[in-house]
Amino acid sequence: MVDKVKSVSEVVRTIPSGSHIALGGFAIARNVIVVVHELIRQQKRDLTVSQGVVGLETDLLVGAGLVGHLIMGGGSLDRFGPAHCVNRARETKSLRWEDYTSLSVCFRYLAGALGLSFIPIKSLFASEILERLEAGPGASDVKRSKCPFTGEEYVLLRALTPDVSFIHVQIADSEGNCQINGPRWGNEEQAKAGRRLVVVAEEIVSTEFIQRSPERTIIPGHRVEAVIHQPFGALPTSVYGCYDYDADHLRLYVKHAEEPERFQEYLKAFVFGCRDHWEYLEKLGGLRRMEELRAEPISGY
Amino acid sequence: MVDKVKSVSEVVRTIPSGSHIALGGFAIARNVIVVVHELIRQQKRDLTVSQGVVGLETDLLVGAGLVGHLIMGGGSLDRFGPAHCVNRARETKSLRWEDYTSLSVCFRYLAGALGLSFIPIKSLFASEILERLEAGPGASDVKRSKCPFTGEEYVLLRALTPDVSFIHVQIADSEGNCQINGPRWGNEEQAKAGRRLVVVAEEIVSTEFIQRSPERTIIPGHRVEAVIHQPFGALPTSVYGCYDYDADHLRLYVKHAEEPERFQEYLKAFVFGCRDHWEYLEKLGGLRRMEELRAEPISGY
Amino acid sequence: MQVTEGTKGRNARSDIRATEIMATAGARELHDGEVVVVGLGLPEVASVLAKRTHAPRLTTLLEVGVMNPRPKDPPVGLPDSRSFYRATCWSGFLDVMGMNLHRGVVDVGFLGALELDRYGNINTTLVKDGAGKIRYVNGSAGGNDVASLAKRVIVIMRHEKRKLPLAVAYLTSPGFVGGRSRQELNLRGGGPSRVITDMGVLGFDAKTHAMSLLSLHPGIQLEALVENTGFPLHIPNDIPTTPLPSTEELRLLREEIDPKGMHLK
Amino acid sequence: MQVTEGTKGRNARSDIRATEIMATAGARELHDGEVVVVGLGLPEVASVLAKRTHAPRLTTLLEVGVMNPRPKDPPVGLPDSRSFYRATCWSGFLDVMGMNLHRGVVDVGFLGALELDRYGNINTTLVKDGAGKIRYVNGSAGGNDVASLAKRVIVIMRHEKRKLPLAVAYLTSPGFVGGRSRQELNLRGGGPSRVITDMGVLGFDAKTHAMSLLSLHPGIQLEALVENTGFPLHIPNDIPTTPLPSTEELRLLREEIDPKGMHLK
């Protein structure tokens, strides 16, 4: 059996600038923070980022100026505030972006995962979302057409096949078999749409453990190129069954993201100023804080 | 909370002759035998039956002369023999049938489940399967077309939305939340493609039990119209984690299905001659036999 | 799906808050046995209230892939682990938004709005200030999908002139665009049916598809409501008063559903 | 996917059975790290043998939704619970056939055939007797999908003239139909690469796409093979002999993989 467990710096070194990466978080949950921090430290530039509903991870990357093209279904940091960096970048037009919806991004990933180059959808009609896509460079990804059987009008969407998909999971074995606890939003489709797939796992378990409940394996090992093992790897976002979000840090983040200069201070302190994720966790409060955030087994948070 | 648990005779009375029903078994596993027996007892005629890979359940219905139209991806009774009644009906052209493949039937259900009226596929090309579909009444369900983005040739398939989908599951609560143990072949897509959905459950559990592992709920309760509670409800086919197939009875079945007259004897003895599934289970050997077939917990069979 | 709450504080005629009237009016729009896709905030509060009163068989779906959760602590958003608690099913977008919403089995989409126009078009993407400067906000997430596909849509929001403009600054999620029928617009879902604000309940004319007043909340003056509406509103001759929450509804809201006043403040 | 076993019994030159040579030849066609969709019977035996020898990182997929099972008892078919044992993932058609096979990440499809013609076209649907009377059999199941979509296809079957006709009675699963390229046929997968029978190993010419002999099993006469082939076969000047299974391969096959001789009889 092959051991796919790798360090994040090793994995990120294999991602060329200009890559299309798909990120698996949703707002303030299961963000691949450990990967995003390393992408920033290694200054991978001109990235295309796609995500169903963006969250902190994409806001960080956009704020760090590494994203040239953003494909998104919407998003915020929930009650903690908006995705300031993403919103500011759209206002200043400092990147190319296309707005979609949760389902249309999911369908684009689904098509990619199934090896279909297109898929029909009945969302988007009569909206400014579709209008703007059709009027801009997004026009090459959407096309109105009729069902050949019923005559019904559809929007056809082009499949998304990111160069690398990243998702954060609770459990993986060293071969890459992944089990997700809690709802999975678009993770399965996004992960399997990727040409390459990297997972961040809170815990590495034995293959025997995976074999005890194979129905929970959402991503089978043969699809996974690398497993990054990082406890508390999604902080300050939450991981169901492992830990709650760090509300204090989320508020601190939003405060900094409001203004470009303060955001640079944030990067300096929490990304560039940390050699690795362990050092970052120390800045978040270390062991004592982690134990406060650790999930209680019944509630899962 | 509503209680959807109903008797099979009550449920089958609501299925009109001429309905399109989709069946959830695969060859010799998780066949909805209890439903099929009752459809035969109530003589529901001129049925359209669709199934990914046919098995004993469809062979029974076809042998009983109740199927007017069969949409299938292939199938047999594995090492026990062919689906004699299905094959004979095709030879004598006593029904209309369309041959597909496992994936193309699954994609047709997937489209139905997603509310898409069509879906592209890259199987079927250059085969006699496609040729015959295009030359017959199946032509209204397939159409060659090009991807508007890549120019690649696809076969477009019309969605399947059966009037009633039936599946056999290990566990359901009385609201209809269903959990399947073992691989699920096309069950999720087939079930959710149905306009109505009826499940047969080996065991009825409390909703609290379902809430302990909600990631295992493949069919949520609100999609389910009725739950039929029937232990050993799939015999002589197997149900993972509950019981093995009854090899002796499968051999007996195949022996009878070989010849139309002997098949009528089978129906007389095991369907018409049984008031209900309990009486049928007695004919299969009753308690002692059921205990022989009952699964051992580690292996699941 | 962003939801904006009414925050006009306590109602003029009693100690009942506007948000409590909104939640109760929202709950009463939901029928037993229906399937509802809800956003967090008042839509969730309203659907829980409906379940605890006249609609015990209501099914609630969250777009992240959660069905019928029974949170014991207030979640800050859809992916907050608190909103997964005691769910009967965890799946994902493809199931909730694809195999339910796009499949056509969702009766009600319960949404918030940053801006809403007279034809029920929703903006959750950007705001323009007086000088025309654009500020982006959340975007669609599942909002456009829900508005396009649910059999009917209920919007719950604060009643302010700038939030109810003649034309939305960005048409994120379509209602009856330009007063046209949903069929003409290639939309499967039935479109907006009710708008519940902190001043009244509004509906849509079956022919013109334009918004009309259905009831005024107790203590709200018609003039005030018209003043706070940025488009011409059809006003019927007889204007009923929105029923107040019953004692039991108030007790449930205050003691059980939102005891900390997170959404009902 | 139906698989037909070689049953010619023990090989002329030793106590080694033809089925053991077939299983070994099949195993040697699989490379470490590859992803294989297997049917039950000899394809499964061959893939287990490959995993136990040179290809420990082989991934085996069963169309029902089973990955890397390690059965301890012989299954009678794909949905037999015995074939679910100790799997690392249980999913379904949509995952195995859609998100793997149709996605293009399956290296090898390992199939059986009722009939196979010189261009690698497979019939698993019907047989015609001498009088032209049709008898239907299993049909495609996943066979057509695998043949259309896997990067390469290996067929394992008995070598009989009626099973290797000039033209298949029904073209269930396409190879190089009419000698045309896969691209011309709109097929994504690379098509048939090897045919392993109880008499030899065959391949396909890169230009004509017609079948040619690659090696003869020990003890098999070329004339006998040609006699048992229903179409003109390209015969090279030098015909290698298929290597016999090693002692270790035989031990694994006989003592561990199929001790009851269910597939190797």
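Here the chain labels run A, B, C and D in written order, and each chain numbers its own residues starting at 1.
Heads up, the rule we're going with is that a residue touches a chain if its C-beta (ideal position, glycine included) is under 8 Å from a C-beta of that chain, and two chains touch if they have at least 3 such contacts.
Note that the structure is predicted; figures quoted are calculated from it, not measured.
J.: What chains, if any, are shared contacts of subunit A and subunit D?
T.: A chain counts here if it touches both subunit A and subunit D, which gives B.
J.: Weigh B-C against B-D on C-beta contact pairs and write down the one with more.
T.: B-D
J.: What's the chain with its C-alpha centre farthest out from subunit C?
T.: With centres defined by C-alpha atoms, farthest from subunit C sits D.
J.: Which whole number of Å gives the spacing of the CA centres of subunit B and subunit C?
T.: 41
J.: Where the centres are mean C-alpha positions, what is the separation of subunit C from subunit D, in Å?
T.: Chain centres of subunit C and subunit D, defined by C-alpha means, are spaced 59 Å apart.
J.: In whole angstrom, what separates the CA-based centres of subunit B and subunit D?
T.: 29
J.: I need the residues of subunit A touching at least two other chains; which ones are they?
T.: 115-116, 121-122, 182, 215, in rising order.
J.: Out of subunit D, which residues touch more than one other chain, so two or more?
T.: Only 84, 87, 90-91, 94, 98, 102, 149, 188 qualify.
J.: Which of the chains touch, listed as pairs?
T.: So, checking each combination of chains, I get A-B, A-C, A-D, B-C, B-D as the touching pairs.
J.: Any idea which subunit C residues touch subunit B in the complex?
T.: By the definition above, subunit C touches subunit B via 33, 35, 56-57, 59, 67, 84, 86-91, 94, 98-100, 102-105, 149, 188.
J.: Along subunit A, where are the residues that touch subunit D in the complex?
T.: Those in contact with subunit D are residues 1-2, 113-116, 173, 175, 177, 192, 207, 210-211, 214-215, 217, 220-223.
J.: Using the touch definition up top, name the residues of subunit A that touch subunit C in the complex.
T.: Where subunit A meets subunit C, its residues are 26-30, 52-53, 72-76, 78-80, 82-83, 86-87, 90-91, 99-104, 106-107, 110, 121-129, 131, 153, 182-189, 238, 240-241, 244-245, 247, 295, 299-301.
J.: Taking the complex as given, what residues does subunit B use to touch subunit A?
T.: Within the complex, subunit B contacts subunit A at residues 115-122, 140-141, 143, 145, 147-150, 152, 154, 156, 158, 180-182, 215-216.
J.: If we count contacts the way the header does, which residues on subunit D are in touch with subunit B in the complex?
T.: Contacts found on subunit D: 2, 62-66, 72-73, 76-82, 84-85, 87, 90-94, 97-98, 101-102, 124-125, 134-145, 148-149, 170-174, 177, 185-188.
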